[in-house]
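The two complexes that follow have subunit A in common; it is paired with subunit B in the first and with subunit C in the second.
Entry: the complex of A and B
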């Protein structure tokens, strides 16, 4: 990743800058242009990419995860070129939701998507994305657009005749350059948005034939195919800067679902006996290498509750950048705990990367719980654990 | 091997009830798995909303699950579905015992018990062993809803690597979407019997993550009970019902009603010149214009102007 100017954090450094300014009578604090890091294409001023913003801590280019609450907990968003690992909850109910939020955010901001799954067809996953809650300007244009399409141009309106001469607005995909949107989980994303977006799908049963014999020493066959697919897309579409004539830069959002489950051909979920030939760790290492050299961000969900070998879980966590764990209350004794009755589970921010920094931006609130309301997925801090301990 | 001779109350109740819960209920756990089973939720497997997926029944030595499997098979057969059985642990005669003849005629039995490795070479056994048998089931192209029962998953786990088994089961239960158009009747239900004590937590967890419904048999004091875990499938609105059908009020206009509606005078209906003036405001209009249009209630009397009022 390109090194960025370190924007100082904390009050101590701001104070020292003020002191320096007053001493010299000329400010040494020079205003820089809107410098965003993440690529080094050689141009002095980088055109800002929609849906991204530079981090206020370390200048990294951030993308939103689709949940503004989660963005805040991760220090502003997910850094471009990093991996967000979601540790699935036990019955895999809430982790697909975070996965879909990430992809929906990509569609709304116009990023390119790459969806990989061994369980569901990526086209089906895209159909189930939540609908974005647009603000009033975008919504009015959408409604007028629909109404203009329905009425013919020559029909005189009897009641709403004042609207007759309004200009027709062409149907165009709603794209927004804001950072972080809200979604309505109870509705599906409109079909036009999906069709207007660019996405690539990788569905494992279609890509490999099951009769192939795997070489046990090398990487899992499914993982090899996936890595080749991702590398191909990054190279062909120029996310790694290999097409300098391409003016418009965009972010590639990669989503990989249920990595490490037996459906990917991996055996870490049912045997403890994984020596150094663990395919998943090699895959993550290579994936991170691909991501670091391109303008992409990746979300992976892993069923860590099924992984038998604890050492593998630790290795997988270390090889990812940001790790978020979900623990749902279903079936556990916490379900009947009256202090947790408002929530559906706990969310643990297990790791936040230190990118060009010595410290990482860990949120102050340690006990976080989530709740899936009918339309929204909310994350709140809860201090109940402290209370419980006191009793 | 599971032993017979436990109480059959569960089998009876399961035969009366049904196996798949309604699609709108979330993951539901029975409150007390040790309590005797009082009721089994009753929706039929041919319900159009029922999930297409796999269900596994976990049993143990004390509480055997084959009778539950047979009860579910009987229910499917009575609903008119075709049932394929991959039998590995008991012989075909023993499995078919207890079914009457019309159900037996609907069962297609694939026998892996008698000669799984095809040693006798008589040509009766399924070629290729268990994996090929499963793959042949995947490639089957009969139309209509079908139930595939695997007796048992434990036997298959001992003979196949877990990864291969999981992938093949996934392909089995995804069959309906491979066949192009989506019609709700073309659903594949996969039932599997798993003996809990034979496997470690790894394979059990892996298979559980695949199954949509899981029934764990246990019991206390001679009473069997079932602990049902159901994962709600993704809501997939594939058939949008037309909301204007089946209404208690009328949304359609007859011709006379339409004419009456068109000829109605609206209270704020302006003459066309006023409309045009309002729609296209001219640029060179220094003064504003007043357009007066009397409606039905205005009383214009030319002989009584207001000019003579002293107000």
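Entry: the complex of A and C
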């Protein structure tokens, strides 16, 4: 089991103690770590993994999604062992960005990557990752943004003056910290970073050519191959704790693009009553099973706007842990709405998991919009504008 | 367990009703707190519990259980709790073919799935001990949740049959209880789920429904519960 080495006194740990009764009836308290199977329960030394931190709410181990603003909205980050589902925007312009941020964060923090796609070769995807903003560059970007921001915030609100006092969502990088980095989307990630990283690629057209020997179980051929690939990597590299001799624990970041699209051989996007309508849901269930028993976190993008059957969307949502929907304004009537003129789309946090807890961490602000500036993808709340609209 | 819910239902761990099917339902909100409530309630009431947990891992229920005052690890070790961890077993049955029938055997089958191995697992777990001494009060079957079985390719009729068999054995024959959670898909038009929900609604003695607020999101109030019997 892994948890942070530095358990600061500030973190409250109510209820996160485990009582393990041994044969002599002597109880030993152990701080609960992430929800991996307790293969290392005998080990009392807590090891820290780079790029992770425990959640202040329930001690759950978290990784950054690559976008600190999104981390904040999700309650600190993405929990290890869970799935982040991104509902793609209509023309699939912004969801690949979130996908790439996630992978870039993995490279910068030294995690192992597993990239699966039916459309693009994973090697090409990695070439297009955004470059990380290192501390000295970041300060320069910060300074120009601070000047712009100061002029905006000095404008006092005359009618809705109470809202002046409420905190705004951070829209600009404050400092580059170990958990969560900022990226420059106008630049590519340096080649040496990619070469130094460990990654595995699953490109469907290459893998599907071999014949399937196992008995069919109503799962799509492509999905079966992908599940086997993932399970193989997890087992071989010891992410499920099956190889305790490994000296340094690490996180496996899995990224699966356009899941459920026809490119994966799934027909839920073009017909309402499809024969294999449980293929995707079964895949998600098995994926959840693999993730819960290993030190990994997964991002998947699904074109839910194409799925004809609403019941399947509901089931897919239930089987994912965190669900974020992107709605871009391109081609919709919101594009000309003056309230949204600064933004490129809305971001909906549809679901946040309740892990090891009875309630979940929900952000206060519900109307969130995103915009893609030349270098940054930012998320901001629009609740003030929404209120003005109602008057 | 939540004392307020106990007051509403007029039960305490000392007096447990027997032979009942309770249906837990959630719409637009998460009803898993009801599952945690009943799990801790029946463990405190000294009942033998078979928990078919298909959605989350064992440690999740364990941690929440500790917050509610029960230790699942202790209960499992002393035999009071039989825990079927769906996620872990699914990985086992899917990637490593098993010789003897596995409760989640339907995952490997192509068509609408047969829940008989799962029923036999429940039967084996909850059958009364032949030793004569009554160690536990009454057997309880808890399922979290039934809607995920539909996502795994099992037909609604097969799930209803499974619940029927469980009721006949656990409730009628052994005077135990069955508690199951089903999601209400609302306007998502999930026909199979609606069939399941309506069918179980008619069979159950008590329906506990957790609904999200009609007006949308509110920070302090998460939803409203409704009970009908």
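Here are some notes:
The working rule: the second predicted complex is superposed on the first by the 289 of 391 C-alpha atoms of A that agree within 3 Å, B and C clash if a C-alpha of one lies under 4 Å from a C-alpha of the other, contacts with A are read in each partner's own complex, and residues count from 1 in each chain.
What we mean here is this: a residue touches a chain if its C-beta (ideal position, glycine included) is under 8 Å from a C-beta of that chain, and two chains touch if they have at least 3 such contacts.
This one's a predicted model, so the numbers in the text were calculated from it and none came from an experiment.
Once chain A of one complex is fitted onto chain A of the other, the partner contacts of A:289 are limited to subunit C, with no touch recorded for subunit B. Legend: residue contacts after superposition of the two complexes on their common chain; A:315 is shown touching subunit C, with no touch to subunit B. Once chain A of one complex is fitted onto chain A of the other, the partner contacts of A:195 are absent, as it touches neither subunit B nor subunit C.
In the superposition on chain A, A:228 makes contact with subunit C only, while subunit B stays out of contact range.
When the two structures are aligned on the shared chain, A:92 is found in touch with subunit B, with no touch to subunit C. In the superposition on chain A, A:206 makes contact with neither subunit B nor subunit C.
Residue contacts after overlaying the shared chain place A:357 against subunit C, while subunit B stays out of touching range.
Among subunit B and subunit C, the chain that touches a larger number of residues in subunit A is C. Once chain A of one complex is fitted onto chain A of the other, the partner contacts of A:271 are limited to subunit B, with no touch recorded for subunit C. Contacts from subunit C toward subunit A in the complex involve residues 30, 32-33, 36, 56-57, 59-60, 62-64, 66-67, 71, 73-74, 77, 86-88, 90-91, 94-95, 107-111, 147-148, 150-153, 183, 185, 187-193, 217, 219, 222. For subunit B in complex with subunit A, the touching residues are 27, 29, 135, 161-164, 166-168, 170-171, 174, 177, 200-203, 205-206, 209-210, 229, 231-232, 234-237, 266, 269, 275, 278-280. Taken together, the subunit A residues at the contact with subunit B in this complex read 91-93, 118-119, 121, 124, 127-128, 158-159, 161-162, 164-165, 188, 205, 210, 261-263, 265-267, 269-272, 303, 305-306, 308, 330-331.
On the side of subunit A, the complex with subunit C involves touching residues 14-21, 32, 35, 37-38, 58, 81, 215-218, 227-228, 231, 278, 281-282, 284-286, 288-290, 292-293, 310-311, 313-315, 318-319, 354-360, 362, 364, 366.
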